[in-house]
């Protein structure tokens, strides 16, 4: 059922696995996360956004830049030349809060799940940072891989993905 | 009820707020997060850990290093000279999964909430990376500030903190 | 009239000069630069800005983040804990183009001129990047220190500063 | 006349555009900039250079290293594997000052204009840093793309390029 | 007998040499180094390792991450997309101390000697850091390229390699 | 005789130790290393240096920049605001090769041994990189802490320091 822990060598030590023999294919990963906050915090962000868009805009830029730095942050990730990164930030009034979706694309030898998940995480952290003076109780959650295409393991879709 | 969005100037633009007039005090922040996985994935990590401790150990190191790079990742965070970072990773069999707790300390002019939250996020992302060959459906959540001391705003504790 | 080249030691070698004996004072630096473009490029940026503010907003974030990374880019700059960074981006219709002003503040042992100048440069480069599909002939210029306060050398103001 | 702002999506949000379908071609970009200073500052740098070459040599190294970090600084730039970077620094006695020229080469899917412009900017900033004790009034300007080859848009040359 | 200094141009200036015309081949480099310490320091590390493996495990992770950052540290190194990095740390009771071996692999246009040597160096530095409270007199040495395959220069093996 | 492994907590896990209660004192560390090479390689570097000083000058800049990035490379090092870094590179004809000495100074709560040792290591690695086309058999060694002042542990001097 599982492939085991590929980052752990036979003797149990961490290593950066060899992807040199994998095929170069188009690989796309979509990840998602949410940040829950008080309704009045969401209203503040919405208004700030109405003015000059800076809360949402700043978080989006932080997420894109973080995607590019994934191999610098996650010890065993390979350095990759991402060909596309987009971040969507949408309101979820019933949360209440924001839903963050990151899509990352690459033509290469290994997948970009970690890049998409890192982008989502840093986007959420930036939203927290920019609104924390108003609401320290915000909570980041639901960070997961929604979809993944390309590579030997083929198409993956999160079981209960909305 | 809220202090408003201090990262947004009067005219709505993002800026790095002036902390130069704040008092230098001892500031501590504790943040927490969880990664939910299949029971067999947790078992794999536990066994890997039993051998040489590398999954848990690698994630802990990644989290500590990420705490130090927070101001590089979160656009409006101040560069800070952290005096202490610890990461605890504990099993939560009922999740099933792992709970990550980061404690960050500083004597300085601004709080270290973002450093603690960033450390938790990157620790969880690293666990995901190291176990994703076995389980792509893991989910990271419950990332929140548990406690914060020092600074003008005084002591904060997450309302429902366990 | 000049202090000579303090980054060059007596024997002509580059070194990071000792600032350990300097007094800790509040230090502020203001730097400025301009990017000249076609009037229609300026109109495009203005409209883009009108929509969601992303050209100007992205460039501002890039400038703030660059200020924090100055000691990583400029070989002999000291690492500093900046307490404030703001970036103003204003239209100059007669250029035509944009004027970028960065203000950086620190309580510390050395000045923040390089941080302000680096912030201005990277802000301008980001504007170039975001509009270059429309106008490769944009030119960045007029990057200079406008004002500096604090430290032993006292107050400085650019002679012909507007 | 213009291609519009490719970094802005249809709905006005910033994103890192998809270059995955572009052809891999040899791409070269040449950028240029100048730093104007007092004649005696230029003489100081020239003498320092005569001794051990460190002002000019340090600035050149800073520019080369900055070219490699462009995607870390400019939010929507793609990470690229540059195959060549050279920096030329020449005296312009009539300025008086120095002219900086950067040439960057890549075989890849997107151009290297930003890498060349970033290299020029950081080279100039480093010269400013190393001579600022003698001359705070130096001004950096004339930063522009001189020539660009490769890619779909073909050959570009700055209209009035010297 | 020698190829001369390829990083120095005809006129004596440093530049990042053009590798764009080199063939893409599989390139592997193996480097080695040693850290000598008191026998009781080695025992402490061994025991620490027995507990949770953190000294050795932390140093290994630091070395892997450093390999990925080589082009950020060594001014004229090309950015490379490493496909594999492994670090082996073995006891050498007769030193007494530890031997560090790094193996780096890439399919690309230039060799990975510097990545392997940088990984070894940072692994040794991390061991020093983690044990320095017990033993400031540790010495790092014997850092050299053991073997290199791929590329025009073909197979290289250190003359006296054990 | 030893203080034990302060980076390892009571339960054996790695953490960044708390230095917040240590006194702020002036701390200086001097570290040293050597790179052994063929006599003709040394001659090449010397001649290159005679021309424009770039081998030695580039390595010195790399070492200074690396000192500033120590906490980014060594997992459990604290971020520090170094007040001075100097690198001396001297010929040792009898080696034959070069001796690198780094001196780092800080007024702060923790020592700068790792910064000095990291500066020495990266300076040597850069020399290797710049001369490796001529001599792949160079060996880096003798990297050790020569002297350390300031802090609770007081003055340290390497037993057999030359």
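Per-chain numbering from 1; labels A, B, C, D, E and F assigned in written order.
Please note the rule applied: contacts are C-beta pairs under 8 Å (C-beta built on N, C-alpha and C of every residue); 3 or more make two chains touch, one makes a residue touch a chain.
Predicted, not measured: the structure shown is a model, and the values here were computed from it.
Q: Both chain D and chain F are touched by which chains?
A: C, E
Q: Using C-alpha centres only, name the chain that sits farthest from chain C.
A: Farthest by centroid: E.
Q: Check D-E, D-F or C-D against E-F and flag the pair whose interface repeats it, over half of the contact pairs matching by residue number.
A: Of the listed pairs D-E, D-F or C-D, the one copying the E-F interface is C-D.
Q: Out of C-D and A-D, which chain pair has the most contact pairs?
A: If we tally the C-beta pairs in contact for C-D and A-D, the bigger total goes to C-D.
Q: Using mean CA coordinates as chain centres, what's the gap between chain B and chain F in Å?
A: Roughly 32 Å, centre to centre.
Q: Once you find the CA centre of chain A and the CA centre of chain F, what distance in Å lies between them?
A: Chain centres of chain A and chain F, defined by C-alpha means, are spaced 37 Å apart.
Q: Would you pick out the residues of chain E that each touch at least 2 other chains?
A: Where chain E meets two or more other chains at a single residue, that happens at 13-14, 52, 54, 57-58, 61-62, 65, 69, 75-76, 79-81.
Q: Could you list each pair of chains that touch, in label order?
A: A-B, A-C, A-D, A-E, B-C, B-E, B-F, C-D, C-F, D-E, D-F, E-F
Q: Contact residues on chain B for chain E in the complex?
A: 52-54, 57-58, 61-62, 65
Q: Can you list the chain F residues touching chain E in their complex?
A: Touch residues, chain F against chain E: 1-8, 11-14, 33, 40-41, 44-45, 48, 51-52, 54-55, 57-58, 61-62, 65-66, 69, 73-77, 113-114, 117-118, 121-122, 124-126, 128-145, 148, 156, 158-159.
Q: For chain C, which residues count as touching chain B in their complex?
A: 26, 57, 60-61, 64-65, 67-69, 79-88, 105-107
Q: Show me the residue ranges of chain A that touch chain E in the complex, using the header's touch definition.
A: Residues in contact with chain E: 9, 13-20, 71-72, 75-76, 78-81, 108-109.
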